[in-house]
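Two complexes are shown next, each including chain A; its partner changes from chain B in the first to chain C in the second.
Let's look at the complex of A and B:
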């Protein structure tokens, strides 16, 4: 852990830098927007997995519902995009609160199974009610938002739109993570029984975490539907939940910038690998095995380790160093600062 | 005698067909140190679980300051002034020592912690309480260390401190000296005795030296029932207690 890197301003600075650098180094504005959109959904997933210790397979439900809200809101109801996005936040929060409220009645494996069951249920609901969702074909012809009279059809213009919203929600999530609420979530993750024993109504906190996570995930789903012009059935598929969880783990848990990192790494690797090898998911499986075995703190943990290596550890046989090496304890405070 | 602060009336707990507690009637006087002793399996920890609301009693009543709390939820009892420490250390291992104490102090007003925009700095009393507890427990030096990295003795002190940080009226300590070295036990004894001046302390303990030294009242339990209750001197000399303890007691001598 390097506390400096965990400071909120540093984290936000890193996120802003990423948002500014992506257009300089990437050719596809669509892929860049996708990274930010998934980064947001992964950060929301992190709030449950990394901060609260809840492995939820329900994230795809909220993402998919956000996509359908975009379709129904913009096409059927004719809402302006900002109003539709606000609706997606509230619908996501509401559905997540209900799914969470029921799922947290059980813990551990049974909790995970409940979220999986919900995920299957919502998928088949979307599949069955094709009059509303478009079923297998998805909800088609979702327009891009307009800004001062122009429709944001250009990929990089839409990227800018997404980028601003991404930074606003990223800051909001940071605020949540740093609040008394967020710190209580960490306590629940660490020791749920004790959190209850010292007075916290643990269930209420878990439901609230679900609601916030669901709201942000649905918001990301709505942005995604406007990006690709369709709300596909696959957005509400359990596979989306799985992808979001994998991105969260690749990036690193309990750190919000790590989530953007995880989403970026996954999508860029997928983009590069799928062009040269159709079975690229196999390589992804290997990557996940390596991370789970050796890098439990994800890419973010790897970066932290690299920084510590570069800045702290002197080369062991450096002739310029004095013969008497100070004990490692002497270095500990430097690492801690 | 003044009205008891915490009392039970014919309290019973069953696990299926097994009777863990039966007909337990206790009166814990305000600002006293009251200890519960008894062989393993006597129902001491079960009694604590029932008092704190972790398990529901199958019969009887519990009152706190005259108010019936038999059906009150565990976190609601914390708000009413009941806090406990655990026999097996139960901390937030990856969070700092200061944060552990702050969380425990904040637990008294848990709903204040729910709005996701409110910062910890908003609850000054909780921050001040965490600082005061660090001082009192002699943990200021390690305030920023993760609780899981502390020595066993420090962890046990923090364990008790978490119960104290909620500023409870009644504090329940489940074997506070469990696994401690001699130096740590002495410090803990002083801590518990001081607590008894402004708190009501109910504690389970196997170390008879501590029990006999600092208790105002001792309750001896056996097989889920109260065997004898009284001041330490009388309990020590009770023939029934002597018989109950012979061969049954795992740790601790009856005669200090």
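Let's look at the complex of A and C:
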């Protein structure tokens, strides 16, 4: 760990820099917007995984619901985009609170399996009620938002719109992570039994973390639907949940900027690889195995290690511990995360 | 009559789900390891049976052979890869097996193409059984009979043999087993291979019923999790009861409300978890 890089202002500065640099180095405004949108959803996933120790396989539920809610409001009811973003945010929070409330009745692996089963449930819900969601075809013809009378059809104009919202929500998530609430989540992550014994209502905290995570994820889902003009069925399926989790772990957990890094690295690699090799997921699978074996702190950990190597200044707090060593974790289910 | 037909279908389906789930369950029980590649082993079993039959092997050879090959591959994977990650937090168990599942799925698409195919039921069982005005495909009856025998054998193996005792003791306290001089590493490999082999066998048995396609693994994984969550992890009887329950519910719904058949399974699971957080017969 390099403490200075974890400071909130530094983190926010890095995120702002990324937002400003993307238009300079990238050709596709759509892909750039996608990076920010997924960065947001991944940061929300990180709030659960990195800060609360909850590995949720259900993030796709909230992403998909955000897409559908935005589509329904914008197309069927003709409501303006800001209203629908707010509605998506609230519906996401609500659904996530319910899913979270049920899922945290079980702990450890059971919890993970429950969230996965829920993500299947919502997928089939969207698939079954195709009259509302468009089923396999997706919910079509979702318009871009308008700003001072112009529709943001240009990719880079929409990027600017997404960028502002991204930074606002990124800051909000940072605020949550730094608050007493966020610190308590860390305590729950590190030792749930102890946090409970001190008197924290652990379950309420977990449900709240779910609600916040779901809200931000649904917001990202709404932005995504407006970006591509469709709320596809794939936004709510197992693979979206899986992808968000993979991005979170590739980036590095318990660090919000790392989430943007993870989303960006994944999407850029996917974009480059899928163009030349349709079976690129094979490479992704191998990459996950490599990360598990050698790179458990993700890209962020790699960067920290590189910086330490370059500056030759091992962190003073624990110089003996190599940066990559994961904390030993007992196998007892009650403490397993 | 249709209901009887669907219930029988459901029992067959449910027994396959049981094979899947019990494999997942014993792997988790002994190794405390969530195997997200379990669906991939099922997928591989189905495709190996498909390949065997395509190459002119009898289904009676191809089916067990598929299971054995899957078990052997899984054993090798455990030795070379998974063993290194047991001590990591379970996030990484999931990550590495999700990676493994992706690799298997993409390899299947590279080798066999993205479209899938059909596996003919063996000639001896390609007909239908007629009892009065009740008609039923013989292959499905065979699946029920065969899996019931298999379930009994598995129960005997896990409950009445020395190996079963070792597996159960190992799930309670691996350290004590090691202290007693058991080669826990080899036991781990054997159990992982057994669990994965059961998934492969379920895939091979399912192939003539539902055909093969590259994404059947993901679906199977979801179902296996539902069965394990409903039945209670580590419970043989729970996996059996929940497997049949899920299979029958899914089959009945296929007549009553076809589009919603799978939706109902997941809704039912949510309901059961609300009422009984430990599952039907779960210990912890």
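Everything below uses one rule, namely that the second predicted complex is superposed on the first by the 312 of 337 C-alpha atoms of A that agree within 3 Å, B and C clash if a C-alpha of one lies under 4 Å from a C-alpha of the other, contacts with A are read in each partner's own complex, and residues count from 1 in each chain.
Just so we're on the same page, contacts are C-beta pairs under 8 Å (C-beta built on N, C-alpha and C of every residue); 3 or more make two chains touch, one makes a residue touch a chain.
All figures in this text were calculated on a predicted structure; none of them were measured in a lab.
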| item | value |
| --- | --- |
| Three-chain arrangement built on chain A, chain B and chain C clash or fit | fit |
| More chain A residues in contact - chain B or chain C | C |
| Partner chain(s) touched by A:13 [first = chain B, second = chain C, both, neither] | neither |
| Contacts of A:82 with chain B and chain C, given as first, second, both or neither | neither |
| Contacts of A:121 with chain B and chain C, given as first, second, both or neither | second |
| Partner chain(s) touched by A:183 [first = chain B, second = chain C, both, neither] | first |
| First, second, both or neither for A:193, with chain B first and chain C second | first |
| Chain C versus chain B - closest C-alpha approach in the superposed model, Å | 13 |
| On chain A, positions contacted by chain B and by chain C | 336 |
| Complex interface listing, chain A residues touching chain C | 49, 55, 102, 105-106, 108-110, 112-114, 116-118, 120-121, 124-125, 127-128, 238, 242, 246, 249, 279, 281-282, 284-289, 291-293, 296, 326-329, 331, 333, 336-337 |
| Sites on chain A touched by chain B in the complex | 175-176, 178-184, 186-187, 190-191, 193-201, 204-205, 208, 212, 336 |
| Contact footprint of chain A on chain B as seen in their complex | 52, 54, 73-75, 78-79, 83-84, 86, 90-95, 99, 103-104, 106-108, 110-120, 122-123, 144, 162, 166 |
| Contacting residues of chain C [partner chain A, same complex] | 28, 32, 34, 81, 84-85, 87-92, 94-96, 98-103, 105-107, 109-110, 218, 221-222, 225-226, 228-229, 233, 259-260, 262-263, 266-267, 269-270, 273-274, 277, 284 |
